[in-house]
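What follows is a single structure, and I will ask about it in a moment.
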Amino acid sequence: MIFDKYDRIVFAGDSVTEMRSQNPVGEGLFDALGFGYVRMVENLLMSIYPEYNIRVTNSGVGGNTSRDLLNRWERDVLNLNPDWVSIMVGINDVWRQFDTPAMPDRAVTPAQYEQNVESMIQSLKGRVKGIFLMTPYYMEPNPADTMRARMDEYGAICKRLAEKHGCVFIDTQAMFDRYFAHQHSTFIAWDRVHPNQIGAMLIAREFLKHCGFDYNHEA
Amino acid sequence: MIFDKYDRIVFAGDSVTEMRSQNPVGEGLFDALGFGYVRMVENLLMSIYPEYNIRVTNSGVGGNTSRDLLNRWERDVLNLNPDWVSIMVGINDVWRQFDTPAMPDRAVTPAQYEQNVESMIQSLKGRVKGIFLMTPYYMEPNPADTMRARMDEYGAICKRLAEKHGCVFIDTQAMFDRYFAHQHSTFIAWDRVHPNQIGAMLIAREFLKHCGFDYNHEA
Amino acid sequence: MIFDKYDRIVFAGDSVTEMRSQNPVGEGLFDALGFGYVRMVENLLMSIYPEYNIRVTNSGVGGNTSRDLLNRWERDVLNLNPDWVSIMVGINDVWRQFDTPAMPDRAVTPAQYEQNVESMIQSLKGRVKGIFLMTPYYMEPNPADTMRARMDEYGAICKRLAEKHGCVFIDTQAMFDRYFAHQHSTFIAWDRVHPNQIGAMLIAREFLKHCGFDYNHEA
Amino acid sequence: MIFDKYDRIVFAGDSVTEMRSQNPVGEGLFDALGFGYVRMVENLLMSIYPEYNIRVTNSGVGGNTSRDLLNRWERDVLNLNPDWVSIMVGINDVWRQFDTPAMPDRAVTPAQYEQNVESMIQSLKGRVKGIFLMTPYYMEPNPADTMRARMDEYGAICKRLAEKHGCVFIDTQAMFDRYFAHQHSTFIAWDRVHPNQIGAMLIAREFLKHCGFDYNHEA
Amino acid sequence: MIFDKYDRIVFAGDSVTEMRSQNPVGEGLFDALGFGYVRMVENLLMSIYPEYNIRVTNSGVGGNTSRDLLNRWERDVLNLNPDWVSIMVGINDVWRQFDTPAMPDRAVTPAQYEQNVESMIQSLKGRVKGIFLMTPYYMEPNPADTMRARMDEYGAICKRLAEKHGCVFIDTQAMFDRYFAHQHSTFIAWDRVHPNQIGAMLIAREFLKHCGFDYNHEA
Amino acid sequence: MIFDKYDRIVFAGDSVTEMRSQNPVGEGLFDALGFGYVRMVENLLMSIYPEYNIRVTNSGVGGNTSRDLLNRWERDVLNLNPDWVSIMVGINDVWRQFDTPAMPDRAVTPAQYEQNVESMIQSLKGRVKGIFLMTPYYMEPNPADTMRARMDEYGAICKRLAEKHGCVFIDTQAMFDRYFAHQHSTFIAWDRVHPNQIGAMLIAREFLKHCGFDYNHEA
Amino acid sequence: MIFDKYDRIVFAGDSVTEMRSQNPVGEGLFDALGFGYVRMVENLLMSIYPEYNIRVTNSGVGGNTSRDLLNRWERDVLNLNPDWVSIMVGINDVWRQFDTPAMPDRAVTPAQYEQNVESMIQSLKGRVKGIFLMTPYYMEPNPADTMRARMDEYGAICKRLAEKHGCVFIDTQAMFDRYFAHQHSTFIAWDRVHPNQIGAMLIAREFLKHCGFDYNHEA
Amino acid sequence: MIFDKYDRIVFAGDSVTEMRSQNPVGEGLFDALGFGYVRMVENLLMSIYPEYNIRVTNSGVGGNTSRDLLNRWERDVLNLNPDWVSIMVGINDVWRQFDTPAMPDRAVTPAQYEQNVESMIQSLKGRVKGIFLMTPYYMEPNPADTMRARMDEYGAICKRLAEKHGCVFIDTQAMFDRYFAHQHSTFIAWDRVHPNQIGAMLIAREFLKHCGFDYNHEA
């Protein structure tokens, strides 16, 4: 596994990351980690690698665009001294362009998005062991859908930034696309954004594929 | 206008019809009519045709398939002695095939659907002045989407039954399709099923187009 | 229609404007616009003119007199950079003279009222495309009723100010008076102030009559 | 005072009588008597005539028409073995004709009203020491108002029945009319039906005027 | 009546005065005046003397000793510019000596009490038309009871101060004592301190006896 | 100690026994035993005599008179097959005579009380190892108080019945009287009926004095 | 994998199985499956084997002993026509012997337990494809602990019954024992019974080990 | 008894001390003292030694480690001017090492613990009549359990500090160990930390053993 014992991973993001976790930062006892993919990553690591004591912290806040996340970046990510940081943001940057089109100041353009995420990455340079960059997604399999097409632009930015800065790139959109060969998107999310527990497990598993995680490991 | 003074219209349906109305049947004071298209139909009729005293009754129940609606048909529709009945059902018949595919007993097949709706129509023969048959819809503009394609089968059944039995046919799906030329579906419903107030207005207006309703009428 | 694409309209007022909207300013997703005439204006504009993307903002606060509204004018109206502003205030200025007559400091005299509303208008000069001035009203058809008579004084001030400053004048009181030829006031408001959804539709329709709005428009 | 020691008075009526009392019948400890005129009658009797131990029972139920009250008459009035019964009903009989005119089955016509109240009176013949018949009212001073005019028809029925059957007749409408020479109706009831505590005191005092009650009595 | 039109009376006190009124100061619409003797005073004045428009303000706060009341005196009494002030305080000064004897700092001695109340009186000199001084009480008829005996010391201080400063002296304790000749104290207060509505009426009537109030007045 | 291992004691009574225990019968985990003297008896027995496993059951129901308790006696006491039964009832039998004197049917006379309690005792004859009869009490030290004097009549009945039937007699009234030599009754109960935790401990200790309980026992 | 497409698995048990699932039987949309190991089994199956459409039903009810489960067996398990049944029960059978030792009727002896579980198994013979028998456990690693030792007796019964009847035997106790080599039991359950999400994952993974489940499967 | 009349005892600690008391400091009326051992100490002192008027103050705050307690020491203990102080802290210092091992900054090492507690003791020197030092405990009878063994280290520190500074040493761990000879730990605490009312009584009795308290004292 790529993690060392006692490593701390901070997951930064929006409501998909938050999922009822303690705000703005949650970890530890009870339900502070929320009920989404972050918790499932923690559950799998802690149950299968109990000898590692990985510290998992949820820094997701519902409704956050990349601009919102950048505004709280120092307080809610940097100051936690993480060993690893995972970023999944951008869904709200795009969504607001389609659900409240009359209020363009609520959305974030691709250019602004790229700048925001790159700022986050640069702030971490030399301070962490690794950065995970997860694409934003829209659980809409039709690439011609205007919102899906727009989301793909943001995903492409993630890919470009990951390559440029040596981040671990996690393509959640591609993973969901594969899944929709078997089930309709409404099976894991009525609104094509907020996954139910099955969808959360899909994201967690996709994340762990990039961590040298072995489900069959015995401590 | 096709309605006579003191006519009673009963709207039967599922959660799209219900929208927080009193269950199983709501009408009259306070919010008993709920907050969906039924209320907007009533608001427009009552504000613009105050001399008509049309009685609007909401008989929508969230989660109802055509099977569920048929089971409560006598109590919640026939016994109310309506002059007009509007039926919009079928979304849950289809949805359950996609969001809980492992539980086929929760869904309703096209054949069963046709039988259920036809039973409703026949029970009204000779007892009402007219029947409105509104198609179920999925606010998914892509006709290749499997759930949308399935929903279209149910809409086609409605059309066939309306023609066969002389019902007023209201194609909500076609209306939404026209709307999506201008806005993305997420603008009026995140889950592509439950409309916000704008979507409710769209349905209400589509309904009233078939009623000889004149917005510019002065009482 | 008199509005341009992406125009922003701010509706300032009291509880009739607020109607459970987000306080002090509401717009956008979910029920932030409340459940009164503002929302119905937005519903009609958005459903029938989807290509316009008009931005509708609710700046109504329950209990506000013209004095209260003026106190929050800069924060809740001017700072929003509206293209259009609609003002409907004065009901509480009058009501407090009758329901708590022993506390004259809670009410607002006609002279103060005129000054307050004129200050609002002047602050908007050269900054907006147009101002709507809606009369306060009392859903009491008897002109000899002392509170109705008093309210008419305030409505007359609105009319005078609208003419003086070139505002769009909307006479809600006259509209209600016409309506009461057909229904008793208790049909739309038990307390003769807070309209139910039918009454809200009446106000919304009266407002839109002054906007070049065409209900039969097809986008 | 016309009451004997340990007499029991049962007040039957609608929401004006109920005012948050225990349903359907309330008396005794805590707030079982509610917060309306019944309680004030009790407060005045108990504080000024403590040596009498008058038993006051509230049998008001919100929304009741005379038809509803008659339906529960045996259970909620006769079975209590009252010494005195006070009846104030009819407001909802009339109100429903104006606030929900499309649902005539919810209202009660004058003929039905007379029959209902007379049935109540006859059931008490020979079983009680006296019957109080209080008029329904509408706190609308304008006699030309259609709902007020209608209410006066019901009040006239009460008067006729009181004379015919020797009941104590209490004209609450006339009492309110006198009061409105000094204050606007909105001072004691926004909806012209449900009195605030001041209005409740007015009714209580009017009731006690017919009971030989002396406020200056010292026990 | 001793009051002039539009006079303002402020009632200062503890929980007996407060009785669920708005904190720290309540008046006007809805239940801001609470449910105790203050409201009943207002109800009687407003219903019987509607032409006076007396302004009644409740400045009672539960748990207040004379020390607590003095601390908020300027904000909650003086700044309201009352024409008349009524003071009823002292119950908690005494009660804490008996229910939490181990915490003497929570109680107030007779000497401190006298100083506190005199400070209040002096602050009003020349600023009000009159001051009402109501004794604290304990609804315990046995004068040998230690807490009752202690309370009597505080009542005697009130009497002395009233005479010294020309206040209207209202002996609530004596009034209750007379009442207990007819009913046991548990009839109006289980804890011998917080009156039910009957007890509140007793206090209100005692207060009004000193105001030239005539229950049989017709406006 | 007079109890054998695994003996079951059922405490029957009113609100003093209940004290928020599970209704109508509570025992076992969490707070099913409530927060009154029953729980303290259990706490002392279980903490000091852990080797005994005494089963303590709370069968107190708030507001119960001896008549109410007798009505549920079979279901809530006999059917539990107790080894010991403790009865403390009568406070409400007396209280209702003083706090709602106009409703004599809510109270219970001495003669009825004696009959009720004797019925309970007789039903237990030969079925239990012992019966505890605890007097009702009023925490009023003045024997001349009418309610206290009345309560003493009921206590005397308990004493007589205990002697006649060989019950363990527990004089809670006498115990409280001794306590009031040191503290005022308001120290343990504002209403002189419902003890706080200190008062509950007093009752528990008094009960245990009759059980051979040794606080200094070491298991 | 041992399951066929569209197989239905019913998980019967106590609070460990229930974990806030819908009572008494939960499945399908939203959180009806609860938040325990059952949901995690479903999440893993549905996310990794989407082509199987396995139906997972939660029939756990908090507090159930084997006796309680047997009482509802027909309604909550047999009538669901499962293809597979998993049984995990017995913790409460044992726990009640230690946390409420004075109430032996709340617990279940080993002999009764064996009979109860065997009855469940026999009822399923010839009706299901397979039965999973999971041991009850106590997350207490010390085998000398009296409650742990007692729990082991029940686990041994499970093992014996599994062998006798050809059930799939799942030794959750042994699995936890291995885990406690790395973490203290308080890490996954403060009360050594109710697992947190990490503990739930451990149970789910142990269950799936016996199902031919491959975490690395790609649909 | 070692206490003088009117002495004040402040109990400082964590959730075991707090037990729903008012935060951060509770005493006096109602449930401000909470429902744990502090209240039981108070109940026993107040019911058996009413002539002493001992003042008992609860300064327990849930979740506190010795570090947290030290941080609020001045405000919540010293400033109260206690005559006696009881300290029971350390459970969370240890627990966090086992339930959240990945977050070492949440726990407190033995060295830090000793320093923290010694600081508290020294701050009290010359200011109080006596200090009680109660060991932290883990209701785990197995001394080989890692968390129990760790807790014993902290208990040993308490013992050493008590001897060094002349504090009254109270060994709650030893007391519980004796108790577990008779009952399993789950009988008084499912999580082996938070005692139920029986466990609270055990702590209270152990505390009072060191105070010259005589249960059989008669005031």
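To keep things simple, chains are lettered A, B, C, D, E, F, G and H as they appear, and every chain counts its residues starting from 1.
We take it that a contact is a pair of C-beta atoms (placed from the backbone, for glycine too) under 8 Å apart; a residue touches a chain by one contact, two chains touch by 3 or more.
No experiment lies behind these values; they were computed from the predicted model shown.
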Inset, instruction - From the options A-B, A-C or D-E, choose the one that repeats interface F-G, i.e. more than half of its residue-numbered contact pairs are shared. - result: A-C
Inset, instruction - Can you check how far apart chain C and chain D are, centre to centre, with Cα atoms defining each centre and the answer in Å? - result: 39
Legend entry - Distance between chain centroids, defined by C-alpha means - chain A, chain G (Å): 33
Inset, instruction - Please work out the Cα centroid separation of chain D and chain G, and write it as a whole number of Å. - result: 63
Inset, instruction - Let me have the rounded angstrom distance from the C-alpha centre of chain A over to the C-alpha centre of chain H, please. - result: 45
Legend entry - Residues of chain F engaged with two or more neighbouring chains: 99-101, 183, 187
Legend entry - Touching pairs - complete list by chain label: A-B, A-C, A-G, A-H, B-C, B-D, B-G, C-D, C-E, D-E, D-F, E-F, E-H, F-G, F-H, G-H
Inset, instruction - Quick one: which bits of chain E touch chain D in the complex? Just the residue numbers, please. - result: 35, 39-40, 42-44, 46-48, 50-51, 178-179, 181-183, 187, 197-202, 205, 215-216, 219
Legend entry - chain E residues touching chain F - in the complex, by the definition given at the top: 95, 98-101, 141-142, 144-147, 183-184, 186-187, 190-193
Inset, instruction - Sort out for me which residues of chain H touch chain E in the complex. - result: 6, 8, 27-29, 53-56
Inset, instruction - Note which residues of chain G are touching chain F in the complex, please. - result: 99-103, 106
